[in-house]
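Look for subunit A in each of the two complexes below; its partner is subunit B in the first and subunit C in the second.
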Partner chain A sequence: MREVGIVGVGHTKFGTAGVPLVDMLAQAALEALDDAGIKTVAGHGVDQVFVSSMGAGFLNRQHGVASALVDTLNLRPAMAETIENGPASGASAIKLGYMAIASGMCDVVLVVGGELMRLISGWEATDFVATMLHPEAEYNYGLTLPSLAGMFTRLCMEKYGIEEKDLALVSVKNHQNAMHNPGAHIQLVPDLYAITEDEDAIIINPHVAEPLHVYDVCPVSDGAAALVLCSMEVAERFVKKPVKISGIGQATDTHAVAEREVPSDLLAVRLAAQQAYKMAGLTPQDIDVAELHDAFVILEIVESEEVGFFPRGEGHLAVRRGDTKIGGKIPINTSGGLKAKGHPLGATGVSQIVELTRQLRGEADGRQVQGAKNALAINFGGFGNNVVATILTREED
Partner chain B sequence: MLVDKLELSLRPAECNMPPYPAKVITLASGEKLVVHQAKREDVPHLLEAVKPLTTVEKDFYDIVASRLYSELLGWYRYRVKDEYCLVGTINGEIAGIVNGRMITEQAGMSYHTIAIRQGLRIGAQLFAAKMEYHLDYLGQEEVWIVAESPNGFKRWMIEYELESRPEQWHELGGVPTYVLTKELWEKHKAAKCAGRRPVPDNLLATAQQMILPSTYPQIKGYMR
Partner chain C sequence: MGESMYAYKCQTCGQLHHPAHVTCKKCGAREFEPVPLEGEGILLTYTRVYNLPEGYMKPFIPFGIVQFPNGLRVSGQMGTNDLEIGMKVKATVGIVKEGVGKDCYGFIFEKAD
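On to the complex of A and B.
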């Protein structure tokens, strides 16, 4: 297999886009192409475009988004496909881009992820996302992702002694990181006391799905992110030194969460990470920075254990110690994470890799993890029934 | 203004409205939002806070700000009956404004809610304060409400489960009218309406300064 690197990154400001879906995707794509030094004219050299979107057909009444984007970008006659794998669509699109290049079929692939979600109400967005759940065992009973996350959180609290304040600590950390990321949706830092103990806390930070509060849950965001992938064999064509995709793993789990042997575990996260470590020839101790899928902050804690950063049941203790802050033992979600940067479903997996690429290039202004060499991303589909792990490595000169 | 007989005949007869007692709310940022009632003589100053937003198309700030401007001016110049205005300040700086008026002893009319500071649910808290004024302090039975932006619709019509009453004409035009009844208010108040009273004297004194915002997140590069 050929080695694959990242030579271009692009990212819109997450939040409310105010432009049509394909225009938003094009903004991120053009930034990535610019970053790589690719001109969108004849001879551009882009062989394939993958677009990740979970809900363009449902939310925006638009299908065939990749075909539309290729034309908008003047990248014809590049091959084009739209990829849907729930909230893990972004990492799946990157994986397919990797496969296309590693196989020798393509030299250069553009991966663009995006979602335009704020045209509908929060309730409608929650219902749309809930359509990923098991139709008979979960969705038909009114279950949603926040309600599953609430039950999951309660289970973990009872089992491991996690407290509501631990969840708030993760949230505050990620909001602090987002203040240094101009692409992040939420640009404010909640005050720990105000959202947990103040008399007004129950109103300004109400329960969404007990015990989860507003500040424990990601916002509904529009946004897009893009990457230019290339074979390391042709990397010298581009402006930036490539960041290598050194490991990819993916695993699935039961569709209905209640059917899992240990419902408080995230088995697919563990298996995907193990595969990625094996492919990269690395261990959890080699990772310098990570983007973990914190659609609900409890997920950051449990994922940090499942990927091997901390022993099972001790992730919240690491949060209390400050191990996951920038400057700590293993900084997590330096971008602000889904919690504060936002979670435009199809964009998320790509956005995570944009952040990690910037970290490994030393371009993460204000939130840089000094000397970062290896980075891990977890992109989490469904309620952990389809998870993609990706490892990036900065190669020495 | 010279108040002659003709002018007096143009002015509405006004009812005696009990005052809205100021309150303080701790926001998620830890900052204190003080909500207090503005006086008629405050209006020229408040207009200066609203004016820059009258040209911001995004999220319908232009229509909300323009209408709020004219409503406040109408109150100041005695052309609207029984209007009131509540102002939210943080460290004395104006963070949001709401207004409305009494139609009858039983019914109130919500006019506008404008949040200058964003992301802290200031608009939601000021709207709740406005409803509190109508239903708990003016003792009315219901408040008529319309939304001019999708955000307003999500916050008021959906979150408060407002009663749809399209046959009822609201003064803001032909857009559909929704109603917050006393019963709906009692159902949602505990989850929507924050704040404590009395406001400490020093906080209230600072709030009453009503400092004009030096920047507006809605207007890139704006500096007063």
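On to the complex of A and C.
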């Protein structure tokens, strides 16, 4: 297998795009192509374009998005496919880009993830995302992702002594990180006292799905992110030194959450991470910075345990100690995470890798983890029934 | 979804499933027999959800995951608002989503006596 590197990154300002879907995707793609020094003219050398989108057909009444984007960018006759794997679509598209290059079929692949979600109402968006759940055993009951997250949170609180304030601590940390990320949707930091202990806390921070409050749940965002991947054999063609994709893992779990052996575990996260560590020849202790899929802040805590940063049941204690802040033992979600940066479904997995590439390049202004060499991302599909882990490594000169 | 709820018993090894599977999760066999899934269970976890998807006219719905004595765990709506982890609940079947000519039936768990 050939080694694969990242030589270009691009990212729109998450929030409300105000432009059509393909224009938004093109904006991120052009930034990544410029970063790599690729000109969109004949001889561009891009062999394949993968676009990750969970629901352009449903949300925007547009199919064949990758074909449209290739033409918009003037990258014809590059191969093109649109990839759907729920909220893990982004990491899946990167994985397929990796496979296309590692196999020798392609030298250069453009991966663009994006979702335009704010054109529909909140309850339509909630219903759209819920279509991932088991049709008979979950969706037909009115269950949604926040419902499953609420039940999961209560299980973990009961089992491990996690308190509502621990969830708020994660939220505030991620909002603080987002203040240094110009691409983040939410550019304000909630006051910890106001959202937890103030007499008006329940008005400022009402329940979404008990025990989860508004500030425990990601917003609905538009946004796109893009990467240029290449074979390490052709990396000298590009402007910047490549960041290597050193490990990828992916695992699935039961569709219906209630069927899981241990409903308070995220087994697919554990298995995906183990596979990625094995491929990279690394251990959890080698990771310097991580982006973990915090669509609901409880997930950041439990994922930090399942990927091996902390013993099971102690992730919330690490949060209390400040271990996951920038400057702590293992900074998590320096970008602001899904919580504050936003979660445009198809963009998220790509956005995580954009952030980690910037960290490993030393380009994460205001939020840089000094000397970061290895980075881990967890992109979480369904309610944990399809999870992709990706490890990046900065190679020494 | 009918007005009764079933577990699906593998004809080869007896493993119970809910929801229905195409292949047995234990032995891989493909023949199942429906057996009624009813009676009392234990509430493992619950939530009250306030941002409901399209089609619900209520301010919130309580949901739970319940374990039956046969080991099966299922999600359902809660018919009571008096909820506590570990409490005994009784399975009933009712309309869990209304639709034009296509109501969905499912578990609604009530507090056991």
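The rule is simple: the second predicted complex is superposed on the first by the 397 of 397 C-alpha atoms of A that agree within 3 Å, B and C clash if a C-alpha of one lies under 4 Å from a C-alpha of the other, contacts with A are read in each partner's own complex, and residues count from 1 in each chain.
In this section, a contact is a pair of C-beta atoms (placed from the backbone, for glycine too) under 8 Å apart; a residue touches a chain by one contact, two chains touch by 3 or more.
Just so you know, these numbers come straight off a predicted model, no measurement behind them.
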Among the partners subunit B and subunit C, which is in contact with a greater number of residues of subunit A? C
Now for A:V257: first (subunit B), second (subunit C), both, or neither, which partner does it touch? second
Touching A:H134, do we find subunit B (first), subunit C (second), both, or neither? second
Between subunit B (first) and subunit C (second), which does A:L143 come into contact with in this model arrangement: first, second, both, or neither? second
Does subunit B (first) or subunit C (second) touch A:W123, or do both, or does neither? both
Thinking of the overlay built on chain A, is A:L155 touched by subunit B (first), by subunit C (second), by both, or by neither? second
Identify the partner contact of A:I203: answer first if only subunit B is touched, second if only subunit C is, both if each is, neither if none is. first
Would you mind listing the overlap between the subunit B footprint and the subunit C footprint on subunit A? 122-123, 206
Quick one: in the complex, what on subunit A touches subunit C? 122-124, 126-127, 130, 134, 136-138, 140-144, 146-147, 150-155, 158, 206-212, 256-259, 263
Using the touch definition from the top, list the residues of subunit C that touch subunit A in their complex. 1, 18-20, 44-56, 61, 63-65, 73-77, 85, 96-97, 104, 106-107
Per the contact definition, I'd like the list of subunit A residues that touch subunit B in the complex. 18, 121-123, 186-191, 193-195, 198-206, 215
Taking the touch rule as given, give the residues of subunit B at its contact with subunit A in the complex, in rising order. 25-30, 58, 119-121, 125, 154, 158, 191-196
